[in-house]
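In what follows, chain A forms one complex with chain B and a second complex with chain C.
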Partner chain A sequence: MISIQLIFLIIFGLAAIWFGWRVFMTSSMVRSALSLLASMVAIGALFLVMEAEFLGVLQIMMMGTEMSIMAIFMMMYMMDPGGLGNMDMSHQKNISIAAGVIVTVLIIGAALATDWGTIATQFPGPHEQNRLLGMEILKRSMMIFETAGVTILTGMIASIAVALSIKKSMEK
Partner chain B sequence: MTPFLSGFMITLLFVGGVYFVAVLERCSMTGNVSWSGPARSFLLLFAQEEIKTRKHDKVFFETAPVLFIGVILLTISILPFGRGSVIIDLGTGALFINAALVYIMVSLLMAGWAVNGVYAMVGGWRALAQLIAYSMPVVMALTATVMRAESMFLTDIVESQQSLWNILYQPVGFILFYISALAIAFLPPFDLPVAEGELAGGVWADLTGARKLLFRLGRLALVLTLSVAVVVLYLGGWMGPWLPGFVWTFLKTLLVAASFFAVGHFMPRIRHDHLLEYNWKYGVPLALYNIFQVGVVLLL
Partner chain C sequence: MELLITALIIAAVLFGIGLYGALSQTNLVMIMMGIELMLGAAMINLVAFWRYLHPEAFSLQMFVLVAMTVMALEGAVGFAIATQRFRTSGTVEMEESAELKG
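Our next item is the complex of A and B:
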């Protein structure tokens, strides 16, 4: 049976794929970064349609900041203000097409071959989902998240330290 | 009061509130109270010729103002104006406020980049740095209010302030949220993305007519929305004696909005590097301290 939920799921799924494709078809890094953002927002909307409210809002929030930061970094490296440089976003085209086709076939194959079980009809409300997610993060998965968090923080501090130019006053 | 009538009243009060904020904004800039000023500005921009810069990015140029006002309207829809007077009562309401505010940054970045002009682009990148920096204390201050309410429902956060408003329970969080709200609405003294004096209007420098009107209207609605957020999170929301809940919400909101403009009126514009430095060096550690302090008080 086709429900409204399924229709929205298909619309947002197709939007995510279309914006993902646009990432490589634009001629500037800023357009590319914001196309990727639109694709990620569509994935966030998919979570919302599947009633995973926290994950959906979190995805939409995080990606907004991340993709904007990516856009400014791309600008810093590429210097293409206004996007007039007609950059080509694709490289090694034949290998990329082959890799894309193989991965797509594998993903579709895995999706079709997996036994997804029955569709859940009973699921906790948004408030309970938040609580359960909090319990998961602070109990069983705490070590994983803490390790990942500290690793990312170390990486950030290290990259800033490497990027800093040493002032004369700091030199011995 | 029936839901329809309360919805109508809230819409009317919000539109009136936006107009009042426009009057306050002019008053903070010129020092004179002009009740007809915003209406004249509205008509001027409404009838103004649409000038487009050469080689602008068509998609971003048209999308940015709509995205800007769209995310603000989305934020309004989740804020409770009274007990039961909320359009969408989200289970992740507190997080959603920050998620929506992020897209203000995205729309400013898009607008600044799309027009293909120097001032606008510098304004856009400034907006990015400023809004990323100040959304950190916002989300951390929100976390502390959520900790006390043990819920992300904004209605629950208001209810949690029954015994003591959050402004007294977590004053550090309030100060951080208040200052960050000023920065996120790029109001003076944080108006660097649209600085008139040094960037000739920044992000809005090359915009005219309807697009500028959408941005100006959106900013006024943003100021009012952030004021409502301050009221809901820290000033007890709709709580107050005698008057109906939504009247209290609006009275407190207008007071907060007026205080925003008063701060801007008396403070000089902060330098961009200082603005970022203050936040990353002092704002973020203070926000972490606030979470710690609220946690300790809750456990005691």
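Our next item is the complex of A and C:
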């Protein structure tokens, strides 16, 4: 029997796949960035359909910001951000298509061949989920969460160090 | 069962598209977009495993938070490298960055 959850899963899944495909099918960088934004929002909607409300909202908010920044960088660094010149910015297309198709088929094959056991029908509601995730972060996974925080700090320092102007540092 | 399989198939197709993008594009920012799609596919899998197999195991949701951190960091470090490449060579085309080979 087809449930409402399955219908929405398919709708948002197809949206994520369609916009993901459009990212590499347009010569306009701005459209690419906006397509990726739409794909990420569709992934966030998939999380909401799978009743992971906190992660869904977080995904939509985070990716909305990140993709907007990405669009700005695309316009800054591209010679032809609007794609008016129809520049081809791809190489080894056949190998890439083959790799993408083979990996997709292998993963789908593994997913279909695996015995996943019984599907869970009981799961915590949104309030309980947030409480349990908070307890997970503050108890068992605290070290992992702290490591993620320190990694972000390291990434910030590394990004600034990499992006610094070489000329200015050489003059000193 | 069909819900889990549908989510896994969606994630597999997204991963394949991301892999195609990461391998076929010559522009650094476009390569990063491919990697973002692959990470997005991994997150769909994690949420599907949590919801349909182990809704009591919140370490799976924790794993999604770590994957989101990796996505943000990949963006930050990638754009820093793009900024430096643009300063030094005036382009972010990776075909013109052969000197970065190890």
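The rule is simple: the second predicted complex is superposed on the first by the 151 of 172 C-alpha atoms of A that agree within 3 Å, B and C clash if a C-alpha of one lies under 4 Å from a C-alpha of the other, contacts with A are read in each partner's own complex, and residues count from 1 in each chain.
Operating definition for what follows: contacts are C-beta pairs under 8 Å (C-beta built on N, C-alpha and C of every residue); 3 or more make two chains touch, one makes a residue touch a chain.
These numbers were taken from a predicted model, which means no experiment stands behind them.
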Chain A residues touched - chain C or chain B, whichever exceeds:
C
First (chain B), second (chain C), both or neither: which does A:V23 touch?
second
Would you sort A:Q122 into first (chain B), second (chain C), both or neither based on which partner it touches?
second
Check whether A:M61 is in contact with chain B, with chain C, with both or with neither, and answer first, second, both or neither.
first
Considering only touches as defined above, state whether A:I69 meets chain B (first), chain C (second), both or neither.
both
Please indicate which partner A:F145 is in contact with in the superposed arrangement: first for chain B, second for chain C, both, or neither.
second
Figure out whether A:L37 sits in contact with chain B (first) or chain C (second), or with both, or with neither.
first
Looking at A:A99, would you say it contacts chain B, chain C, both, or neither? Reply first, second, both or neither.
second
Of the residues on chain A, which ones does chain B touch that chain C also touches?
54, 58, 69, 129
Chain B partner, complex, touching residues on chain A are 30-31, 34, 37, 53-54, 57-58, 60-61, 64-65, 67-69, 71-72, 75, 81-84, 125-127, 129-130
Show which residues of chain A lie in contact with chain C when the two form their complex.
3, 5-6, 9-10, 13-14, 16-17, 20-21, 23-24, 29, 32-33, 36, 39-40, 43, 46-47, 50-52, 54-55, 58-59, 62, 66, 69-70, 73-74, 76-79, 89-93, 95-97, 99-101, 103-104, 107-108, 111-112, 116-117, 119-120, 122-124, 129, 132-133, 135-137, 140-141, 144-145, 148, 151-152, 155-156, 158-160, 162-163, 165-166
Contact residues on chain B for chain A in the complex?
55, 57, 59-60, 90-92, 95-96, 98-99, 102-103, 105-106, 109-110, 113, 116, 121, 125, 128, 132, 135, 151-153
Sort out for me which residues of chain C touch chain A in the complex.
1-21, 23-27, 29-30, 32-34, 36-37, 40, 43-44, 47-48, 50-55, 58-59, 61-62, 64-66, 68-69, 71-73, 75-77, 79-84, 86-88, 91-93, 95
